[in-house]
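Each structure below is given as structure tokens.
Two complexes come next, and they have one chain in common, chain A, joined by chain B in the first and chain C in the second.
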Partner chain A sequence: MARLLFWRLLRTALAVWALASGVFLLSHLEGSTAVELAQPALAELRATGGVTTPAARQALERATRHRLGLDVPLFYVGTHRPASATAGQWHWNGLANQYHRWLRDLLHGQLGASFRTGEGVGARLQQALLFTLPLTGTAATLAVLLALALAQYLAGRPRGHGLLRGALVGLQALPLFVIALGLLLLFANPETLAWFPSYGLEQATDAELDAGYQLPLYLWHMTLPVIALTLSALPELTLQLTAALEAELGTDYATTARAKGLAERAVIRHHALRNALLPSLAQLAELLPALVAGAVVVEVAFALPGMGRLLAEAAAARDFPVLVGGVLLVGAARLLALLITDFLSLWADPRIR
Partner chain B sequence: MALLLQGCTTKRPTERALKIRWAHDPENLDPLALANQTAIDALYLLNCSLLQADFTTNRFAPALAEALPSVRFLGDSLMQLQYTIRPEATWDTGRPVLATDVAFTLKLMFCPGLPTEAPSSQYRFIREILLDPRNPRRFTFVCTSQAVEYVQASGDFFVLPEAVLDPRGAMRRFTLAELQRRPATAAPNAVLQAVARRYTAATPGQTPARLPGCGPYQLVKWEKDRYLRFRRKPHWWADRVRPRPFTLQARPARLDYVIVPDAATASLALQRGDIDVFPQMPTREFTRLRQASTTRSNLNFYATASYDVVTVGFNTRHPALSDALTRQALAHCIDAAGILKGTELGQGQRTVGLVSPTDRLNYNDSLAPVPFDPAGAAALLRRAGWQRGAAAADGWQRNGAHGPQQLRLVMRYRADEQLFATIALQFQAAAASIGVPVSLQPTESGAFSMALRSGEFDMYVRALRGNPFMFNFTSFLHSQAIGAGNTLGYGSPRSDQLIEAIAAASTVQRRAQLLRQFQALMQQEMPLLPLFFLSNHIAAQKRLVDLHPTSLKPGFAAMAIGEAAAPSTSP
Partner chain C sequence: MIALAVPHLFRTPSWAVAWLGFLMLVAAVAPVLPLPYPPHTLDLAHIAQAPLAPGQHWLGTDAQGRDVLSLLVFGTRTAVLLTLPAALLAAVIGALLGSAAGFWGNRARVDISYGVVAVGSVWWALRLPTPWLGGLAAALGLAGIATSGRRRRNVAFRLPLDALVTGAVTALDTVPRLVLVVALAAGAGSISPAGLLVLLTLTSWTTPARLVRAQMLRIRTLPFVEAAQAAGVPAWRVWLKHSIPHAINPLKTLFPLSLARLLGLESTLSFLGIGLPPEAASWGRLMVSYRQEPSAWWLFLFPTIMLIITILSLNSLTRPPK
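Let's turn to the complex of A and B:
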């Protein structure tokens, strides 16, 4: 088992490295867009002296490239430069290349500095995770627990609860932003019910309030976002688990259990559930990377800080260090989730071993 | 539970802050980089420049400087601008703000290794700074042009403290001209490196508090993507200035800028009284709230004309678009008035050129906006040598210098802008009615910049940001900027000559005359079609007074806002 774990971990690490390298190289191929976006805005009519000639613009771009560390070749080998070589010729760029620098820093635990702000990527991701994990973590836990309970309840009466099933299917069809805005307009609107705050984590949460107020305030602000996320994850988990449970309940061993005189609930809990869980474990593997990646829609709708917004904005601004750092993190979470799911499946179903 | 918690929040022990909505985090508060509009707004709270925009008059007025600079022409191309800094002006450390600080700031703009791409190109016209040996607060800029707009532009940068960044004054041994001439390939200089290191170590982009400023506010807290909290300095130097000019007003004791990316959420927060000012409100929401009885009693609504003009550009390098007649014909397919009515609910102003119609002096009111006239467009196309094929699917063809040409166009615009999409769709429909096929390419913002840069478009829709102070179109429409800022590839000797004359005009009257000619020429040549200037909408709580809504960014004067004597209770 330990050997298996070691090999799988090694494979996971290699896959994360390959993924991050791929994203690094692909994104940095578009380095000129990052340089372009870092230039004084073209849409600005005010420029006084302004950059007027192509030569001046090139000089400016060179300065930006140098500042962002994009002035060295991208990889160990490349097809362009030096000037003497004809275009399209492969040549060795040496160790002074962007990828080598990035990899070296990564091995030292550094993810580089953001193009936009110059601050360390590691610290920025950590800061965002501090907000994201409680939000997505709570929502995921709630969704899983609710799904477990609801599925057992629904599977208990295979032909009943049409309304609840219909509601779940309807909910599944709704995009997350509709759920979030609907909740806002219903429960944070002075024209309907203004029970919950409309945005953000109120500044008061870190102001000079005593701890007794801070926690309830925090929870008060997180209620609607957590409900929105839970509602969006719940139907898929529930409907899948219900269907799996119903299939298991039609099998011979379930009939035998019933013949033994077990109540339906006991049949589900002690016999069918463990077998029905296998496909749901695969769904959990989907959920874990989402915990880390954040929920950009909910973060935007409720004005919460977090990974989703950070990564979306980094992508829009071509802030590659932040983007690659985020991909590394999310990719690692996904591959770890797959690993965990594999081991959970082994636990749930001895036949797989 | 909810009611109980609501009760908790009312017990907030902190003083009341003025809360203003921002859609984005400023991300970087570096006073040299000036990353975006929100960053600039924040930096005006922390720093001072010699001249600042006075929102009551929409002109530049003295801030750190005692008065507008005195102007002296030298020969036929140089200009001297003499400034004196206010004697009251001090840094947070208590040291006076001196001419040496101004000289240092200008030199810092040319210090390699710092994010100075924007200011180094913008202030290159200041060739030298001469300090007055008798008065440490007086200095003279030597400028390389006699243009009237350089007088104001010369004072529009944040002055930084020399004593903190260069305590030994090592940069003083360089002249400004030397630093400007320094080639990018020059060997690194120890002095410049040390200054750059010190500047970078202070990380002004992230921790502006480490660099003492001379502005009225201090950044007390900055939670990324959540809020920025500014507190008024209890003893700011300008409190001693009598009479207090508008540019040195700082009334709110606490300013909180809260980041709420979604407009619908921000609107809810405004209605609940959780935020006080909502600038740049979407037109539809603004109109809806203004008409709703519940919000009308609690909120004040302000609309001002902005200097942002929506334009349609033509890639004049495209063989089919290289002649003015074809461009004029296509311009007749855009229903600017209808779009303004449909999307902006009639707010905003149609225009004939890149100068705002509110600018009475410079706007060419003898020109008429291009009418929406598809039939006229077809006639113009015929005059341009195009012939419509026999079948409807054939479209328009003509024989150019390099063989037969077909009139089919690709229109690009930023995918996230609903207004641009509407314009593009309207144009596509009108063009189709006269047999010109147009394919639309909504493009992601970064990719859009690149497409413009590399000329991968036939037409585009975008908004250009302007201001009432400067009319320098060199980097945008001059033929020497083709391959740089001139993405349209347009240029003619006549337009180049006019652009140069406008940029160099030494009197306001002369410049106005030239600008009117320029607008007429642009309408005739039609490298781009300015459609309308957008309107700027602000909604604020009723208890707030003195917002001074203005056409200038950010649209109101946050530092001048006060509270009415008897505040009404928020809902």
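Let's turn to the complex of A and C:
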């Protein structure tokens, strides 16, 4: 078992490395846009009166390229620039290339510095995670607990609850951003019900407020995002678990349990549930990365300062170090989820040991 | 009563098929439909007008005075023209790669001349030092293939096809699709509809490949495959003509599901403002536009209804008819 687990983790780790390398190489092909975006705008330069001649502008661009580490070749091998005499010829670039530097820094635990702000990517991601983890963690816990309760409730009456089932199927069909926008339209809209704020957590937490006032404010801002994430994760978990429970309730041991005189609820809770959980545990491995992706949508919709919005903004601004760091982090979350799932399935089914 | 009726209504596939057919028809004839207003005309006299108000905007207008009905129709066109080819391409690529990986496993014996052709043409295409050497190698390899029918023992090497395909699938699946598309779209710069199509295909061929591979592992042990091999049918013919028709069975269920997923992904991308260029009409973008005009519930409601009915009918196609 330990060996199997080790190989599985090693394969996933390799896959994360390959994917991050792919994203790194693909993104850095488009280095010139990043340089343009990292430079001050031309009008701004004119206003300060510093750089006006084309030569000075070129020097500035070279300096920016050097600062961002884009002045060396991209990969170990490459073609010459199209302008040079031997265009299209392949040659060896040596170890002073962008990919080698990135990989070396990564092995030393450094993710580089953001193109936009110059901050360390690690610090940026940590700061964003501190915000996102409570959000997604709460949503995941709520979704799992609600799914457990709802599935037991639904499996108790296989033909009833048409309304609830229909609502779950309908909810499953909706993309997360529709749920988020719908909640905003209903509950954070001056035209309908303005119970919750639609944005503005950053301003609220920046202000000099005492902790006793900040916590309710934080909770007030986080209610709708948590509800949206929970609602998006809930239907799939519930429907899957209900189907598994209904299948387990038709088996012989469930009939035996009923023949012993147990109530249906006790049959579900003490006999069928643990067996029905196994397929759902595999879903749990998908849940953690899926919630990170969900965080992208929810944080953009509610203007929250977290991991998801960091990624979306980095993508818009071609801030590649942050982007690649984010991909690595999500991959790490996947590794963690795999590990947790394997331990949970060991707990649920001792035969696997 | 309604609660009981609605799920049953959506459980009958004929309803779903009719709706999907209607959408395809709308998408096909959108440019010639007699719409009162073209999709991108700004009717500045009627801004954010409610549905059925005086004027000719049946479903109202958005904050810039564009007609919601036209935007919906052209949004349908965008959705169909983007998700249908992407899902088809992904299914074909996934089926070919997955079935090849499942059929040959890691023991695919490839004649050395094919390898020479591949290496030679890649050498020539990439213009590695002295490109004519690659061309020569490719020509020699082709000659080898042409004459190999007469030779009895061929030199062959083993291609770890299964490891390659499963490796690629695992790598693409480690990160949620949305995050991957966002990261890659940033690298590709400003993205065209064709680029988005490639991106969607690249990130969604993995699920069909997984399913078809698993099915093929089962199929290749069945007696009729062995019988075909014993009868001396070449391996590639057994693969293409005898095994693939059975191995792609799971795709019948998966295809509507992957269409639904792509539809959701496309509208999410429009919401995030990455996918399509700003001038393309899209349901997702129409939904977001209510934020400029918080009282305009119709901007959100109509595309949401379209999206939810479409996804529900696609989902209902995956269930077996009762």
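Here are some notes:
Here is the rule we go by: the second predicted complex is superposed on the first by the 271 of 353 C-alpha atoms of A that agree within 3 Å, B and C clash if a C-alpha of one lies under 4 Å from a C-alpha of the other, contacts with A are read in each partner's own complex, and residues count from 1 in each chain.
One rule holds in what follows: a residue touches a chain if its C-beta (ideal position, glycine included) is under 8 Å from a C-beta of that chain, and two chains touch if they have at least 3 such contacts.
From a predicted model like this one, the values you see are computed outputs, not experimental measurements.
Once chain A of one complex is fitted onto chain A of the other, the partner contacts of A:V169 are limited to chain C, with no touch recorded for chain B. Contacts of A:Q127 after superposition: chain B is touched, whereas chain C is not reached.
Of the two partner chains placed by superposition, only chain C is touched by A:V292; chain B is not.
Of the two partner chains, chain B and chain C are each touched by A:L181. In the overlay built on the shared chain, the residue A:L310 is in contact with chain B alone; chain C does not reach it. Comparing the two interfaces of chain A, the one with chain B and the one with chain C have residues 33, 181, 184-185, 189-191, 300-301, 316, 318 in common.
Listed in rising order, the residues of chain A touching chain B in the complex are 32-33, 36-54, 56-57, 59-60, 62-64, 67, 116-119, 124, 127-128, 181, 184-185, 188-191, 194-204, 206-209, 213, 216-217, 220, 300-306, 309-310, 313, 316-318.
Against chain A, in their complex, chain B makes its touches with residues 2-6, 8-9, 11-14, 24, 27-28, 30, 35, 112-113, 115, 117-118, 121-125, 149-150, 153, 184, 200, 203, 205-206, 221, 223-227, 229, 256, 258-262, 264-266, 268-269, 271-272, 274, 294, 354, 444-447, 449-450, 452-453, 462-467, 469-470, 472-476, 478, 480-485, 487, 571. Chain C contributes residues 3-4, 6-7, 10, 126-129, 167, 170-180, 182-189, 260, 264-265, 267-268, 271-274, 284, 287-288, 290-291, 294-295, 297, 300, 304, 307-308, 311-312, 315 to its touches with chain A in the complex.
Considering their complex, residues 11-12, 14-16, 18-19, 22-23, 26-30, 33, 79, 88-90, 162-163, 165-166, 169-170, 172-178, 181-182, 184-185, 189-191, 289-290, 292-293, 296-297, 300-301, 311-312, 314-316, 318, 320, 323-324, 326-327, 330-331, 334 of chain A touch chain C.
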